[in-house]
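First up is the structure itself, then whatever we jot down about it.
Chains here go by letter, A, B, C and D, matching the order in which they are written, and residues are numbered from 1 within each.
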Amino acid sequence: MKSSVIVFPGSNCDRDIAVALEKMQFKNQMVWHKDTKLPKSDLIVIPGGFSYGDYLRSGAIAGKSLIIDEVIKAANSGCLVLGICNGFQILTETGLLKGTLLRNKNLKFINKDVQIKTLNNETKFTNKYKKDQILKINIAHNEGNFFTDTKHLDELKKENLIAFKYCDENGNENQEANPNGSLENIAGILNAKKNILGMMPHPERMVDDIISNEDGINLFSSLLN
Amino acid sequence: MKFSVTVTLKKDVLDPQGKVVENTLVNMGMNNLKSIRQGKHFEIEVDENDQKNAEKKVDEMCKKLLVNLIIEDYKINKIS
Amino acid sequence: MKFSVTVTLKKDVLDPQGKVVENTLVNMGMNNLKSIRQGKHFEIEVDENDQKNAEKKVDEMCKKLLVNLIIEDYKINKIS
Amino acid sequence: MKITEQIIDKHGLKPEEYQSIKKLLKREPNLLELGIFSAMWNEHCSYKSSRIHLKKLPTKGKQVIQGPGENAGVIDIGDDDAIVFKIESHNHPSYIEPYQGAATGVGGILRDVFTMGARPIALLNSIHFGDPKHPKTKSLLNGVVSGIGGYGNCIGIPTVAGETKFNETYNENILVNAMAVGHAKKNKIFYSKAKGLNKSVVYVGSKTGRDGIHGASMASAEFDENSEEKKPTVQVGDPFTEKLLMEACLELMKDNSIISIQDMGAAGLTSSSVEMASKGSLGLELELNKVPCREDNMTPYEMMLSESQERMLIILEDGKEKKAKKIFDKWDLDFVVIGKTTNTNKLTLKFNNKVVGEIPIEALASKAPIYSRKWIKKKPCKNTIELKNLKKIKIEDALIKILSSPNHSNKTWVTNQYDQMVMCDTVQRSGSDAAIIRIHNKDKAIAVSVDSSANYCKSYPLTGGKQIVCENWRNLITVGAKPLAITNCLNFGNPENQEVMGEFAECLEGIKEACEFLNYPVVSGNVSFYNGTNKKNIFPTPVIGGVGLIKKLSKPLNHSFKETNSSLLLIGKTFGHLEQSCFLKENYSIDEGMPPEINLLNEKNNGENLLKLIDKNLILSSHDVSSGGLITALSEMSISSGYGAKILKPKKLTNLIKYLFGEDQARYIIEIKKNNSTKVEKILKDNDIYYENIGYTQRDFFEIESELKINVKDLFKINNEWYNTY
């Protein structure tokens, strides 16, 4: 499977995701934001980091870059797109995903391992997980507080577009288990066609037991499925 | 021509920052504080003599980049 | 009584954010843009009928919390 | 402009220093030249008070590739890998503007490391605040922590370890020390020494603004009531630009374009150009009209003294400009040839086609003043503390007091604000004795830790100096790393005060003795004097940052208990030394007496043999015993793991308070499988190591035989409360 990782000035999880993709046998290419052509790919990843310093609003400026037009075209023609952390923020800024990511409720950057629950395991991104499987995944962000209007929220629920929710060790979605104030503990969502996934947690940080755990591996192997 | 743009969160959008600022001020003893909302402020100078045109330009900047219309409102004012 | 407070970076202070926003707007084709500076904006309502007192309160909030006097300037305006 | 006494004073120069300047120039300097002298001759850049003492430090060893004197130290970790690291202070700016001060501190130390051709792989910090009750402490803590995180998180380098301490001695002068660690290929290290005539001197990075003018001389002056007025010298950091600068520099370093490279740190363009020229015994000519400026009408004086961040100076090989410029264009950074190397041995500054300043390089560098300041020896304190004269206290209460104190509370409130995982090589994050970072794509790793003990150093600097080196070495040992070398940040008061200078001299003597004995050389460092206000000086606070090597990374070792029913051994002898202990300080506010003595022979023997046990895979978890004594160390092992422990009454030392809270040195707690006991004990005996069997791990309860029994969950709560309610 061919993947492309888009690199913006200020992206800083680009190497991490590339390492994870290569470990999972993807044929990966890095794509510089000034490029106007996207190599043919089955998966496009927008990595985490601080594109353009997160100035103005996180993801806003990257959302206006040249390459993004190509990403939008590819997405609209069904290519799989994965946005992680800053990548998720960029996807909402381009409109590929609805909703937005506000500042964390406590106004602080948060880095820690949290539990998330797989709500929808019938997607290209999640089919190797069990329904309601609890994963322990690292988060690292300032603006991860998902917000959207009631109409969109209803749509997310009705169409089963919520991929992951924050939860505690036992799978309860309570406020204590919500690290950043996200609406209904939402950690990751899909678009209506389910070919785009945006998520705040970092699956690429969880593919190596010596560093953390391997809870992120199945996200990549789902894609290969 | 110079304009100021004020960008604020829409009423029904949660404003965690505003809340914290409000609480902090109240804790600091500012008990006459009724409410506080925080937003962004831009000062934009454009090279354009026609006010209509200039305003249109600024409006375009807002719509295209400066404002996230899903969660934010904005107001444009001419300063000079 | 309602006030608006505008907080801007002092003149000689580096404004990395403004620079990036400016470049982006120019790259997007807004070539009449001469300059853009970004700051913060607050809308503050205080429970106080005397304008002098109210203004003093708001000024105190600015000095004590809202403004970083070392790198920022601020302006208070009465709105209503 | 005529140079008046007042102008000289404003530049922080003493009248006799001005006389030397005139002698060296054989004329009066103009204002630009005076500014340059003041920037180069101040304490921060010239090390004029510290140099003669620093010379004594051991800086050599088989593992050392580059010792002090370059942007950062370089050590050999085998194969073709080198580690580049340094620590630096940003105390004064952080007190004035905590967020930006701390952020630019991180930015500055990162540049020191990537200038040498290394990709930064870890950040550490040592931060010291005043009394938590002091009105400024809370906002300073908030600002500094978010500033450190703000910069490191954005640029994408994990912040993995550090220390956060509180003591009223820092009420008016906090300490913010940042350390950066990078990885380079051994044969691809870059230095600042200029070489060759007529080579292009290139300015890259951000534009120059009017910020931070005279930052370096500010760091060399005490604060007083007027320091508020010095505020405009604060710089604003731009981690985004630094990220671009770092990537651009590392990209340019892939081939052989660079002759020499130097970041613009304190004293900006001045110190970077002088340093390059002085090391290469060359001259440098700069055309100041070419300097990229952020503001209109900047004067040569402002350009030369600005401390705008995220800038570098590079000397290029002939004909490489085009290719180099292309790289910087790609990253949207300025790239301008602003001068050339000359054979004049002078710094020549041209502006509007006129020479506006010309100074012999040696006058700014090797001929800068060096002082052998008077100092007095600290007298040992004869007082000892008799427990029987103190109000009786229950062990449980004393322990709770310590675990819930600001200094011993769990630091996750701090460390959760730092991205510790980015780059995906962090094997051990904050929370253990040392962090472990894997070398990318290899199965080896380094361990890193920073440590200080201001109370010990204050009460008896010689012992204190030795102690911090040893504590730092122990922290690396406990995670299974062989300690290789250190960097140090020496935070002291006013060097013109003889007592302060004595503290400095003796701390350094202590550091030297320990480093020599342990073969733990100093490869880089930084001195920060004038920490204090109005004659009130801070406690002497040298901070040691150590790097160790884990040759073969298997299961990382840390201080969390691993299972129930394993044996707990205490390595090293317990005498029950309570003077200067956290027990007396937290429970009785007593801070008299001598710190615990250091026996370097035992340190070395205990540490090296623990490493052997670790290499033989005999250790489940290990932790050094430091502030708070045995009981505190054991509690930490419980709290971080959720497992309890049962500690038996000691056979020898009968006073339980002394036994549990004494801070005797060279001690470790190890957890081992019961059936490995014989093997482990034999090795310890064979190597003349004193050890005791102190108990075993168990489920749920932390227990001292017939003294106390607390649920580990409660201990956890006690230990985690303070920050969240502060």
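The rule is simple: contacts are C-beta pairs under 8 Å (C-beta built on N, C-alpha and C of every residue); 3 or more make two chains touch, one makes a residue touch a chain.
Keep in mind that what you see is a predicted model, and the values were worked out from it rather than measured.
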Of A-D and A-B, pair with higher C-beta contact tally: A-D
Centroid spacing, where centroids are CA-atom means, of chain A and chain B in whole angstrom: 29
Separation of chain B from chain D, taking each centre as the mean of its C-alpha atoms, in whole Å: 42
Rounded Å distance between chain A and chain D, as computed from the means of their C-alpha atoms: 36
Centroid distance [mean C-alpha coordinates] between chain C and chain B, Å: 10
Multi-chain contact residues (two or more partners), chain D: 238, 240-241, 332
Residue list for chain B, restricted to those that touch at least two other chains: 64-66
Set of chain A residues in contact with two or more other chains: 52-53, 55-56, 61, 64
All pairs of touching chains, each written as two labels joined by a dash: A-B, A-C, A-D, B-C, C-D
Interfacial residue positions of chain C with respect to chain B in the complex: 4, 6-8, 21, 24-25, 28, 30, 32-48, 54, 57, 60-61, 64-66
Chain D residues touching chain A - in the complex, by the definition given at the top: 146, 149-150, 153-156, 238-241, 243-244, 330-332, 412, 415-427, 438, 553, 555-556
Interfacial residue positions of chain A with respect to chain D in the complex: 9-10, 12-13, 15-16, 19-20, 34, 48-50, 52-55, 108-112, 138, 140, 142, 202, 204-205, 208, 210-212
Residue numbers on chain A that touch chain C, as the complex places them: 52-53, 55-56, 61, 64
Chain D residues within the chain C interface of the complex: 96-97, 100, 206, 209-211, 231-232, 234-236, 238, 240-241, 294-295, 308-309, 332
